[in-house]
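Several structures are given next for inspection.
Two complexes, one shared chain (chain A), two partners (chain B, chain C).
Entry: the complex of A and B
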């Protein structure tokens, strides 16, 4: 395993070499046509990026040369210097020097001395004539020039997606072969199947690994966002980033980009108070925002923490009653977490009033939806006057998910483990009927229970019939699922097993049925529907009597 | 338009070789139906079909066709040629038909057969039939053969997602 340091150095090298190649190309263009503005702009940009990267990696000499060249290109761009005469030669020397410095970094050698070059660049910036050595030096340079190809390849995400899908198919067939091999019982076949199992496991791991990127590629875009929002809102905000090295699937990062942007804007715009308010509340005038990533078992957590005013739980509670999401009596007994869950209800946040009072909530349902689509979770923690923390719980990789297989009417259904809570077998006495809804108690909490069959075969707009306890015969298999802090018990016929599944999306025209998150093929080749717990929960809430 | 001359001459069929169409012909109820072969991806013995809740009864479920998960439709029920909600027979065939961006399976009870006939033998459906019955607006035309007629279906119209999910007799949502 390579160290992080090595990996960064390789990335730097690859980028730097690419910059160097582009610079050489643009420089030749500029020499042919000194008025080529796009080439000049590109040179300026490349030089700037190279400078920033080199300094971040601690290659100060390299950064210094790039900085000087950038300054000079700046002068040429503003027409203060002409791209002609000795200036051109010095610039070519400069870019060549960058090339040999980059190569030295790659070979882990000390960087060549660039003092004479820097002095010449300084002279040009000051408008003096550079001191050029004889032609011989240049010839020597020419003979020692080498052409290099980068050690890294850039690849379209689409190609990786395709690769991942193919591996998904392979894994399904592998499981099928393994099952068949066991049935047939031929030892040689079984040994080969085992070997195939190991190889395809490694292959799957490698493909998933190839798709991982550091969370930093997204987090590093936020200092600018925070600065802009803070300026617009007249806030003073200091941003701290951490955990940029945490690895995650590139597509997951892509999907949560908007959600994260939303939460950060919210935190700066509504969470953190103005400097005056903060001072009055006895806090430092500058608000603090923290964006951090960490790994927890197989998940990646991304946290957005602000030290602002926090969520006004009572205002949210009042608003939820007002909007008919709950009754006044029920609301009074809800704990903070349950009340905050209302913030993620679709449309809830659109209410201007909540935004004004609690300073939270615009479009939080969008954040929730993004996480649901990934099978992730959103957690909130907040203290009035002290701040709010949003935690996005994300899978590292989209392809494979743990799932629990259950059976209803002799058909298997898969429930993603992310939404499963508890599995219980209970006698009918453990259930009671409250307001027409079947209820059980789990860990000291009343949990509504519904036969999964009823949710699956629900049709029309009528509410569910009132629950009747006498219909429960014998021991009942209950799977408690959890979505947005709501627990719901599903009665199933049988628990089959737990297994990793590769979810395939449903194709048209069936993709409009939101109860199913997709399908998966079981080892036996059987088609198995994957249940979408958020949609099941929503269906139950809208249809309960 | 420079092409207009060409169009007129192709209409004049005495001058050009007879244009042929290839159909896959299958039986629904007591009628013969046909689909143009270029709209058919493959014909296969129906794979295991998993009933999918929340779908109209004429969607028999979903099946795994070479790694693609496709919906299986019973057109006999869709066209109300038989009672809805019957289980699939033990042996049946599936015609995998390609729509714009997805594939769909049509389940039939007898082996479908290919048939080649001159395009001129397919007559467009008269207007009044088009409106008369719910399924007949998917008709491309009717082919007259010595031993009967074949109803040629226009798959592109039949397979738009809103049409597929529509219950017979109800407007598309």
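Entry: the complex of A and C
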């Protein structure tokens, strides 16, 4: 992961090498024509910049040489010294010395000693003659001169996308070769396959690493957004940013741009109260909005926190009943988290009808969809009168996802780990039937359970049949998945293993089946469908008896 | 509200460092100019609350840039930015209406202190 320190160092190096190349060029021009004023001005400017940058990085010796040369160029510019004779030789030595020092910085080596050079530069500044060694020394320097190109390359994202796709294909073939090698049993082939495995793993991570950018490139656009929205809404909002250095795949950042924009607009427009309301509520007139990024295990969390009025849970509960999303009895038993989940339902809007609530709800489903497409999660936390926090849980990289492989009717299915909660093996006694739905208890919470088979084979519009406990024979394998704070237990035949998978989109005509997020190839060459947990959850909720 | 700042410096490294320091502190960097012509153009297009202006630029001196910006925006708040050695130009710039002088290499505290003080300063407005 690249820290800001490393970034500065890379920028410094890239620019220093560029300066060095330009200086060498202008110096040759000046040698041909000592009256070349533009060349002299450029030399002076570049030297001045190199001095300032080197000192900012703490490379004091490098800064010192540049400072002396800058002074000397200043004297030449003001016609106090002539660009001729021994002065030219010392200046060339000086620029060469800068080149060696810059290279030493790049190679993390101690900087070469420049004492003799500095003394000669001092003499020239004072108007004395420099002490020059024989011609040999100069020849030696000439033979050690190297040509250097910048260490930084700018690259189109398109090219990186292509690279990532190719690596994805490679990984699939690699898994296939590894399985074949084991089947064939040839030790040399197996060893080679193992080696291929390691190299392609490294390659994959290198490509993923090359695509990472700091979250700051997006977050730093928000001061302007917040300012404009706040002005339009007559709000006073102070924005704090943190975690700009957290690294994430560039395309993930691209995909969440609109979602983040929406959440920030909502927070300023509807979360944070007007200065008058705030003062009345005993809060400071200026609202506070915080945008922060942090890393949690393999995920990147982006949080939008406002200290506004918070979500009116009861209003959302009433609205959900009104919209027919739940019954009054069921709604009464829902905790806050479960109620807030309704905010992400398509078209669920708190506008107009309910004015005493933050967030219009309009478009929150769009935010949810953007996160679903990435395999991310959206969490919400709120306290009336104190504020609301939205948390976007994002994968660091798009390419590879951790998945749990399960088996139903002798076919493998992959469930992205981002949506898996717990894996359990339970005897039939642990289950009960409530309202026609099979229910189990996990961590003090009642979790509905459904055979995955039933969801996969679902056709038509009829509701699922009433659950029957007597159909459960022996120990049951339950995978608890989590979507939008709703937990659902899936009964499967067998747990296979956990592995990293490369998800490929489904090709036509299969792409209309919305229960699957894509397909992956297992090492055995077997095709494995990747389950779309949000879609499965929605199907269950719409068909439960 | 976030104060809007334009950074003028011909070194990408310097601009990046300044930008990080300022945005981390909650300022909005509305633009980065790498030469005098860009600086004048962006200053007029964005009318920032404050401009940090490098003394030595490829096409112009910071002093010329300062003068042309103040022609169209007499109230513009400008802080000069330079490594030691250019005190003559800096002094002239202060006489021409620049509010302060940041010496490179600078610390984050120093930059924020000078920028904060310059933004509080109302002398340019009363002078106009």
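Observations on the structure shown:
Keep this in mind: the second predicted complex is superposed on the first by the 386 of 545 C-alpha atoms of A that agree within 3 Å, B and C clash if a C-alpha of one lies under 4 Å from a C-alpha of the other, contacts with A are read in each partner's own complex, and residues count from 1 in each chain.
The rule is short, and it goes like this: a contact is a pair of C-beta atoms (placed from the backbone, for glycine too) under 8 Å apart; a residue touches a chain by one contact, two chains touch by 3 or more.
Only a predicted model underlies this, so the values are computations on that prediction, with no experimental measurement involved.
Contact with chain C, but none with chain B, is seen for A:51 once the two complexes are overlaid on the shared chain.
Of the two partner chains placed by the overlay, neither chain B nor chain C lies in contact with A:425. Applying the stated contact rule after C-alpha superposition, one finds that A:456 touches chain B and leaves chain C untouched. In the overlay built on the shared chain, the residue A:15 is in contact with chain C alone; chain B does not reach it. By the touch criterion defined above, A:529 reaches chain B but does not reach chain C.
Applying the stated contact rule after C-alpha superposition, one finds that A:515 touches chain B and leaves chain C untouched. Look at A:504: by the touch rule set out above, it reaches chain B but stays clear of chain C.
After overlaying the two complexes on the shared chain, residue contacts for A:238 are found with chain C alone; chain B is out of touch.
Touched residues of chain A, counted separately for chain B and chain C, are more numerous for C.
Chain B meets chain A in the complex at residues 48, 50-55, 59, 62-64, 67-71, 99, 101-104, 161-162, 164-165. The touching residues of chain A, counted against chain B in their complex, run 169, 411, 456-459, 504, 506-510, 512-513, 515-516, 519, 521, 525-529. Against chain A, the residues of chain C that register as touching in their complex are 1-2, 10-14, 16-17, 20, 23-24, 26-30, 56-58, 82-86, 104-106. By the touch rule above, chain A contacts chain C in their complex via residues 4, 7-8, 11-12, 14-15, 42, 44-45, 48-49, 51-53, 55-56, 67, 70-71, 74, 216, 220, 223-224, 226-227, 230-231, 236, 238-241, 244.
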